[in-house]
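Okay, so subunit A shows up in both of these, paired with subunit B first and subunit C after.
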Partner chain A sequence: MSLYLRQVGVVVWKDLLLELRTRERIAAMAAFAVLSGVLFSFATDRSVVRAQDIAAGLIWMTIVFDGLLGIGRTFHIEAEDAAMQGVLMSPAPKDAIFLGKAISNFALLYAVALLVLGVFMLFFGLEIGSSPGAVLLALGLGSLGFVALGTLFAAVSSGTRMGETVLPILVFPLLVPMVIYGAGATGRLLAGRPVAEVAGNLKMLAAFALVALAAGAGLFRFVVED
Partner chain B sequence: MIVAAEQERALAASVHESVGTGAELVVEAKGLVREYGAVIAVDGIDLTLVRGDFLTVFGPNGAGKSSLLKMLGGMMRATSGTVSIGGVPLDFSDGEWRRRVGMLSHQGFLYQQLTAEENLRFYGKLFGLDDLDRRVRARLERVGLADRAHFAVRKLSHGMRQRLALARALLHDPELVLLDEPYTGLDPAAASVLRGVLQELRADRRTVVMVTHNLAEGLALATRVAIQVRGRFAWQGVRADIDELRFERLYHQVVDDGAGVRA
Partner chain C sequence: MSITGIRRAGTVLAALGLLGLGYVYWLSFFWVSTEASQGIVQRIFYVHPPAAWTSFLAFGIAALTSAMYLWLRDERLDWAAQSAAEGGMVFGTIMLTTGPLWGKIAWGTYWTWEPRLTLTLLLWFIFLGYFMVRRSTENPDQGKRFSAVVAIVGSLLIPFIHLSVVWFRSLHPEPVVITPEGPSLPGDMLTLLLTSVGVFTLLFAGFFMLRYALEGLRHELQQRARRAIA
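What follows is the complex of A and B.
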């Protein structure tokens, strides 16, 4: 394995190990996912709107808010004892550090996205449709794009006084395409429509994730350097 | 009256002379300036260090010593001026020059929830070090933390964390070691470990820049000494040319007089 991949890997290992030890983010994100599912199920009148018509949008909005809750704190563990400074003083390329953090955030967010899906299926009485793989793919691609932007902007906001307050203001406008294509694909798939009908949405989600990852990897150094 | 800038030039000239005779140039800083808004923390420092130099920088709080160290270590950009490590200009890329620098700062750069060993392994892998098991074991033993290898950093005392931070800074065998107030908060046992490690660095002819308020510790191993006041080296000289008592008097005189000039 090349040194670059080992450097990416050790950042992933460190982040996931820290999360496993503290459970700081996953506990809050999981609780938020469950509470959102419960509240939305009480807040919607199923005699007026059908569950499958609104569930996809609510699922994606829950993922977005939940993601901000967790990804926003990704640099808090780095701020303690200025650990990030030590990482930045190593010869590891900044894009490797970014990718490592994005991958660990992806693992976290994707797990939560699956939980959100499960919670909404339970409380809204949804079925996963005829293409469960495509539903999981849509959530995976959306989560990947989200963490790429989220990790970059969490680094930006961690250097500001307003911190987590600034993060949604920076990230929300950029997430609009992801929510549109993600909710569109998920809604149709949950309604049992064929995968071919959402192929364009999935491609757009993949393109969004790739562009966000490339932009994040390229811009990260400018954000974290003094 | 001896103007500090003239001293810097004279000392640099003598160092350049020794470089010419085969000494290996490790650090070269020219016209380093660091401004924080209207405040000038470092004000045009020139510095040349060859292999084996042990420079101790003294100075009052707010003199810009930590800022100087951060710029030498590539942790902070200079507002103007340049720094070269081993002839390679610091360009803030992820260059190989980072392997040549080890820094012990006010903060340890340690993850509190990871164990001492996990922290060192993490940094070792970031540096792409070979033989990591042996290296981590050796460093922990050297700083007296072998029996605490599996303790989370948050459960270690301040002195232990400082020793672990030292092990981290030296894990990759850097040729330039930067130490910012390394004796602060250490108990006598921890200070003794640090002293021993510094003696080894000196014997191994590593280049060291140490910032400290502790005159005795700072002078003990130094080959060169500087007093930084208001961002400038108000005085610098060769350690062998001045005894501790005279230096203490000189220090107070220089600090009281302000930057740039001494009587």
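What follows is the complex of A and C.
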């Protein structure tokens, strides 16, 4: 078991180190988050709708689009010089590689999700409500479910001629529960409602993330086999 | 059963299904009594739920045979999955076109986020992705595996999609909701509905077997071409 965790850890470390050194994906995703906040501010007429009525939905859609931008490139580094073959030939089981990739993607996406939240609070003048911990938990569980599906289907789409173009078509229908429960919970929390009211949503987000992670870990080997 | 046998059986079933479909249309226009509150438009009821049932059945078969394909790696399971998925798209499209037509008159709007309508729409898109990845890989075997993965993940997450859509709808109640399926469905309507479900299932079985036989023949042709080259 400890060997397995170390194998997962090695993949996480490799990806995060590469990301820290190049800062390619994080820079693009962070810029995307801020610029989306700017565009959404101009796209909504605040004299017609109140900011807090639409902010939760915009926050989650920004995370989804930003996630596609970054997570879609999960396997780009390995695409060069057939590095993916090297990763797959390592003694680490395929599910450990998947989990490692998903965890490093999660670190990336969760950081960006927090930035998105901050950007919208700043630009839309939102209050975080009475339970910031629950907001952060909802964003974390949503990001986890997203990276589980995103990592698996990034592997699928990078094996096709269509590349990242096909990724939204694969992922969006499956993200419906995440968006519904996530935006529902965030909207209520930002409106200052008690955590008890969104406990069901948070549980569904957690269950969704767990099933998506298990499915990804179990099916990844069929995607990358030769 | 040989490929030829499956093709013959498929032709017979599809022919019977088409004849049955004509019979269902005739019954729903001239035999069944008109529903009191909705009038003539309610007759679309004898096409819409049977199409929905058939598409769910077909997508279920596609997911199941996809999982079995990844497990056993028998080409025939992939033919079955692809054939069922195509059938699901056809009947799903029928469901998605008749739904809004009926909804416009019964509910006053073309589209509502009615859970079953929403679920069919999302299933339709999941299987659109299924065919897109299948057709855009260099290596056909890779496409088969990719599409099987799409079908399996989709079927695993369907319960979540359904629950979330029901929850979402509970937040946004529709002003007028007429539930077509009441337990108090009059006898002749129920008879016709069940007949129609049977006919649609038969039609799907016929299409499925024909499509499966086509894949089998393609496979045979490739084998022969390979042998001829060798």
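The working rule: the second predicted complex is superposed on the first by the 225 of 226 C-alpha atoms of A that agree within 3 Å, B and C clash if a C-alpha of one lies under 4 Å from a C-alpha of the other, contacts with A are read in each partner's own complex, and residues count from 1 in each chain.
The criterion applied here is as follows: contacts are C-beta pairs under 8 Å (C-beta built on N, C-alpha and C of every residue); 3 or more make two chains touch, one makes a residue touch a chain.
Source: prediction; values computed, not measured.
Peer 1: According to the stated criteria, A:3 is in contact with first (subunit B), second (subunit C), both, or neither; which is it?
Peer 2: first
Peer 1: Between subunit B and subunit C, whom does A:225 touch in the aligned arrangement: first, second, both, or neither?
Peer 2: Touch status of A:225: both partners.
Peer 1: Just checking: does A:210 make contact with subunit B only, subunit C only, both, or neither of them? Give me first, second, both or neither.
Peer 2: The answer is neither, since A:210 touches no partner chain.
Peer 1: For A:90, decide between first (touching subunit B), second (touching subunit C), both and neither.
Peer 2: A:90 sits against subunit B, while subunit C stays out of touch.
Peer 1: Return first, second, both or neither, reflecting whether A:81 touches subunit B, subunit C, both chains, or no partner chain.
Peer 2: In the superposed model, A:81 contacts subunit B only, not subunit C.
Peer 1: Applying the touch criterion given at the start, work out whether A:121 contacts subunit B, subunit C, both or neither, answering first, second, both or neither.
Peer 2: neither
Peer 1: If you stack the two complexes on chain A, which partner ends up touching A:17: first (subunit B), second (subunit C), both, or neither?
Peer 2: first
Peer 1: Give me the intersection of subunit A's contacts with subunit B and its contacts with subunit C, in residue numbers.
Peer 2: In subunit A, residues 225 are touched by subunit B and also by subunit C.
Peer 1: Touching residues of subunit B toward subunit A in the complex: what are they?
Peer 2: Residues 73-77, 92, 94-96, 98-99, 101, 103, 105, 107-114, 118, 122-123, 125-128, 152-153, 168 of subunit B touch subunit A in their complex.
Peer 1: Quick one: which bits of subunit C touch subunit A in the complex? Just the residue numbers, please.
Peer 2: 70, 122-123, 125-126, 128-129, 132-133, 136-138, 142-143, 145-146, 148-150, 152-154, 156-157, 160-161, 163-165, 167-168, 171
Peer 1: Where on subunit A does subunit C make contact in their complex?
Peer 2: Contacts found on subunit A: 149, 152-153, 156-157, 159-162, 166, 169-170, 172-174, 176-177, 180-181, 184, 204, 207-208, 211-212, 215-216, 219, 222-223, 225.
Peer 1: Using the touch definition up top, name the residues of subunit A that touch subunit B in the complex.
Peer 2: By the definition above, subunit A touches subunit B via 3, 6-7, 9-11, 13-14, 17-18, 21-22, 77, 80-83, 85-94, 225-226.
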